[in-house]
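Chain IDs A, B, C, D and E follow the sequence of writing; residue 1 opens each chain.
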């Protein structure tokens, strides 16, 4: 497309953000129609970075089958729909993944009374899977590698999958571990279900943009990095205004736009990161507010902790 | 005589393109054709430039790549190592299977409901009216979801059959188990199986072929017997009783073939998480089948009712007055006429059912839409190609069905003055 | 109706009273009553028809003429009284009904030919399936009657391809193929165009000349005068007057009859 | 008895008598309607058993209805408290709490009056079409209703719909101006060309200009905020309104003896009828953009409506074709002989009759279309049946509730579809006796 | 057919030869040929109709009478020869066709009234949409003609509520509302019951008395004798004989005419 995405978005005055049609914790409309969730927060941050106003986002629900077309056809500017970064998606489908906002892996959930403690014991089981993701392929590969058989019950949506699983229509429910946790948390009897220890795949979930518009990719990538960096530097939505004026840390100053003008290099205002962080807080705050342990989803940070705490979050330096 | 007119053959004027009946229709057609071609050219031009901008072309090569996913119901050999093309074939066969089963069941249910709706039994007629109205006026998707939910909610999980005092038990002398995943039923196995015959990419199951041959043979034999009865009737006036001969002809050959193949029933039994042995008919198939059947049957019932009503009372009265008994009247007079009225809309219901089976996705039945238009599309991202192929296949199936209908229509058209 | 045809028919100079009427009783109806729901449609019908009699039934619309005639071959069920046809009483006994129906032919106002069968098949259907006649023989009989109604060349056409008059003649032939001893006609000409009425009436007159017992609901007074030996006038489900045609037309007794006759002959 | 002695004259007419007992009253009714034969008796008993079984199965559940609760678990608690442990009951509280979502999706709640008003006006607009006793003048409102409805639902500047409507006025004016000068054909071309040019190039700027002079606007609402039954109604009714004219054109095309026009219509109709609607919807959501100039992006609801219209139009075309075929040739000939041209004959003579004949078919196509609006869920729109229900069930409060939402949605669909089918039956019976 | 009506008409004692016939040519047909596919339905038709002439066309069924008359206002297209109506030649030029059709009124066997419009709407439709007459004026004209055909009180009924004869008179009035200079009738009475034929014929006779140019396909010989100043007999697509009614009926020349006359007058 002729003009740059950033310019298009600025002209439009709104960011079209492709999200899940409804996955609690990541992206789902609440009863009054406001979108909430981990993915949604990133949309808000990007909007904050560009416009200084986190509300200038249009959430476009995408299904697993139409999400890539929505992006390549330009109807959405960025896709942030718990989408796994894979080689073929990055190359063949002409998309650019700009980073990973959640490190996930596929796991299994079973009932306690099934008496299974390892995925290796699932030979012959009936397994509910949500179609249209990488899960089918992982599942097939895993069972093949372990020389086991299974019956797949393909399910269109998570809600349907839960229902089937709870009604006992399948022995195990498989999807990304984050999703399993979220699902289990909402059960009436979470204690009767276990998530098996095996994580059978790497599922780096991240935002994707169209291939060939690196400037726009940079905006999204560095907005995300800014959130991670903010957590690393202890910048929170509570103290950010104070730090913006008083922080002596040069990197914090650069990040918040008080020195240098990093924003100008990617075509944004100087205080872009400040606005991005203000939109929903830093990575840790967002995590805690949407999917963290205090929420019904109750996910631990795990791999998604800062590198300083043994996790994989590691942002390149802002300079 | 003051005739103010020009010779018709006099020179051609431009206005004649519009005001002369000879040229007018040609003019209009050319304009329409040009507009349509312009439109199509515009679309194709957009398509090409869009694809060029994305750096993609139309490429069906993905069909020959490894599919990588499993399908829970396969009528032909399929593993996750098979190609996407094969997955498409599996999906197509699943679509055809549900369409076939649905059409048969819907016809049976629909005809019964339609006839009962005309019955003079007040309770039954009302009941059928309620059934027809309820099913016709509520979206099919809702029926599919509801019936599927009933299945998952109402039947026990397979592990309920486990243990010394199981919560659930099998029915029909421990041969059939209804679970919330599938219905496990006994299935014939052959001791002296004939094996498989390779035919290109597909394998022909010789057992199946033998059974089909026996069925067809029995059918032909039955027809022969009926023909013979007609011949005898024509010659002597008396029609020999044929019902036992027909029964023998219809079922004899298949019985012999099954015997020859060493058939025994393989009953399902619980092993591990699930039943093994026999045949497990997945609930998604059964629920979808039931929903499609009941929904379409409601429409068929109306068609049947209208068809029978369309035959005037005078026809049966005339037959009665000639001394024909009601049964004969039905067979010789009413049915042949009603069928002419019924069959064309019936076939378009078959078409609808086939197309509606694409809602299988709602219950995870892997039909054409679920494989080619679902997982394959998602995995390869080839939306344009997959959708075009999907439409093409549906279109071909539909056209085949409707051309069969046209052949039939033309063959039974009533001769008029 | 069309006076032309009426005149023409009488011009044939058949004297109805000359035609043979035997003493044998063909149809005997005694104190017959019928209701549709609560509507009393036939009231105390008493009637005897001798073999060879040709009876015309007339009366205003809704007076129960069709119902009466349809009771005779049990297309309608009566609730009280007796109907004896050719010695067989009509009860709900299926065998009796079958027997009566195979003795009695019926021709309807709207022909009721079977549109999916050829003329020949229409004619042979009942002989083959009810009388169990071999097909060949049935076809010969059929062709005989087709010749009699003067349309043998139409044998392999379908009813839809024939004119109304031709169709009605086929309907008569179809009844005749069962060799009935009694023929019932329910307004056989009232659905026909005027030109076609004549050809059907001609066929019926021929039948009458051969001594067939006939009951005919019709308003063709020309026909009544030409062949009937009795005219029955019905009103409100009752037989109001009954007389030979001459008397009936020239000297009606009841007021209702007079009124009725003035209406249909008036114009 | 002898012929000559058979003279008989009734002097006194017999009075009507009551039928014998077997012919009337409840006894007869039961005998005839329930137990007229053994088979019928069995069927009756069977029917009663089935009904009883269903009632016994469902009635207790229904009788234990809870209307006030904040979540499913609360609901279950209430049922357990009230009717004892282990029994099940219906939890209508979910409908009570979420009905705005079922009706309006995520339409801003302070603007609910707009869709409601639009719906009321829709009834007003449709009334004169449905009931011909109403004054014909009301049809003018029906004609401009699409613009009114659009403005109420989506909001924005009033001048956009006004300018859109102006296009039709311009087309009409073009005919009036061109016809006397250049004849019918050119007038027709002008009638098509002028509004199209207007819509493409002038309407937008004109609306902007007027808006800046005389700003009248409603708060804009985005398509994405549509959901639930307003989505179903919007798609359903727009589909109905636009598929009818298109279907009529296609039917005329298919009846035409012009080879190319005929074949194009046939090809289009057969193609659309040959593929499932769901694939067309996917085309709308996935592929349409490939076929449009790079960078165009238009509303998803609009795209879906276009597909639904095309789909329904193909079916309507077949229905109308049946109606056209049922008209006697004499009608065409009489119109010709009176000097009416093709379009006038179609408009004044043929279509009014053909459409009347096709009403049952048209209405059942509409019912189908309305039911099919539930399929938009597969392209990510929040239809009432699955879209909204899934959204409701995704919330922690109402996780695990199945029947109540389905029954609620099903009941509303039934109400409307059944209403439509009854209306068509009313019309059919009315037309049967009409003008007789 | 019905001799009663025929007699009645002649009883009016109009002498057709007294009615005015001008020398102006209204319709001129020269060497006209028409085929349906390969079937040669009209052969070398030559015919001149002067203004004010009243011509009756008769002939056996299938002889091409309807086709001929339908060619005159181009409901059918001819393939060879010339048809000039009121100075306008019928070619494929739409303007000429429009012109001719607005000069020529046509009445069909089956009336072809528009069942969805009231009688008044039927009558005003063409004046309003083709002649662009103001509605009010058109309605006045319509009422005038309705009075003329003697059914002004039916103006607001629908065709289905009228009897056949009334419907046919409405059809005539409908044509007249366009103020045609020539009227074509295609068996206007053959779908009517005998009682109704007279009222339609009366209307037509009145029209004839006013000097309307009329071409009428009919078998009503009474009508022909009463008003026609020429009778044309067609057979097998050709004009076989043409004469004034008196000569035609009393002294037919061709054998075919004799045969035909004997058939229709015979019974």
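We take it that a contact is a pair of C-beta atoms (placed from the backbone, for glycine too) under 8 Å apart; a residue touches a chain by one contact, two chains touch by 3 or more.
Everything numeric in this text was worked out from a predicted model, so none of it was measured.
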Exercise. Superimpose the Cα trace of chain C on the Cα trace of chain E, which carries the same sequence, then give the rotation angle to the nearest 5°.
Key: 165
Quiz item: Among the chains, which is located farthest from chain C on the basis of C-alpha centroids?
Solution: A
Exercise. Look at all chain centres (mean of CA atoms) and spot the one farthest from the centre of chain E.
Key: A
Practice problem: Averaged over CA atoms, how far is the centre of chain C from the centre of chain E? Could you give it in whole Å? | Solution: 41
Quiz item: Could you state the distance in Å from the CA-based centre of chain A to that of chain E?
Solution: 85
Quiz prompt | Distance from the mean Cα position of chain E to that of chain D, given in whole angstrom | solution = 48
Quiz item: On chain D, where are the residues touching two or more other chains?
Solution: 282, 286-287, 289-290, 294, 378, 402
Quiz item: What are the residue numbers in chain B that touch two or more other chains?
Solution: 19, 50, 53, 149, 153, 361-362, 373, 383
Quiz item: Among the residues of chain E, which are close enough to touch at least two other chains?
Solution: none
Practice problem: Would you pull the chain B residues touching chain C in the complex into a rising list? | Solution: 233-239, 312, 314-315, 317-325, 328, 332-333, 336-337, 340, 414-417
Exercise. In the complex, go through chain B and note every residue touching chain A.
Key: 50, 53-56, 68-72, 80, 149, 152-153, 156-160, 180-181, 271-274, 276, 282-284, 361-362, 364, 366, 370, 373-375, 377-379, 381, 383
Quiz item: Given the complex with chain B, which residues does chain E contribute to the contact?
Solution: 25, 28, 77, 84, 87-89, 91-97
Practice problem: In the complex, go through chain A and note every residue touching chain D. | Solution: 1-2, 21-24, 28-33, 58-63, 65-66, 69, 73-75, 157-160, 162-163, 166, 186-188, 296
Practice problem: Give every residue of chain E touching chain D within the complex, in rising order. | Solution: 73, 75, 98, 101-102, 104-106, 108, 110-116, 125-126, 129-130, 158-161, 174-175, 178
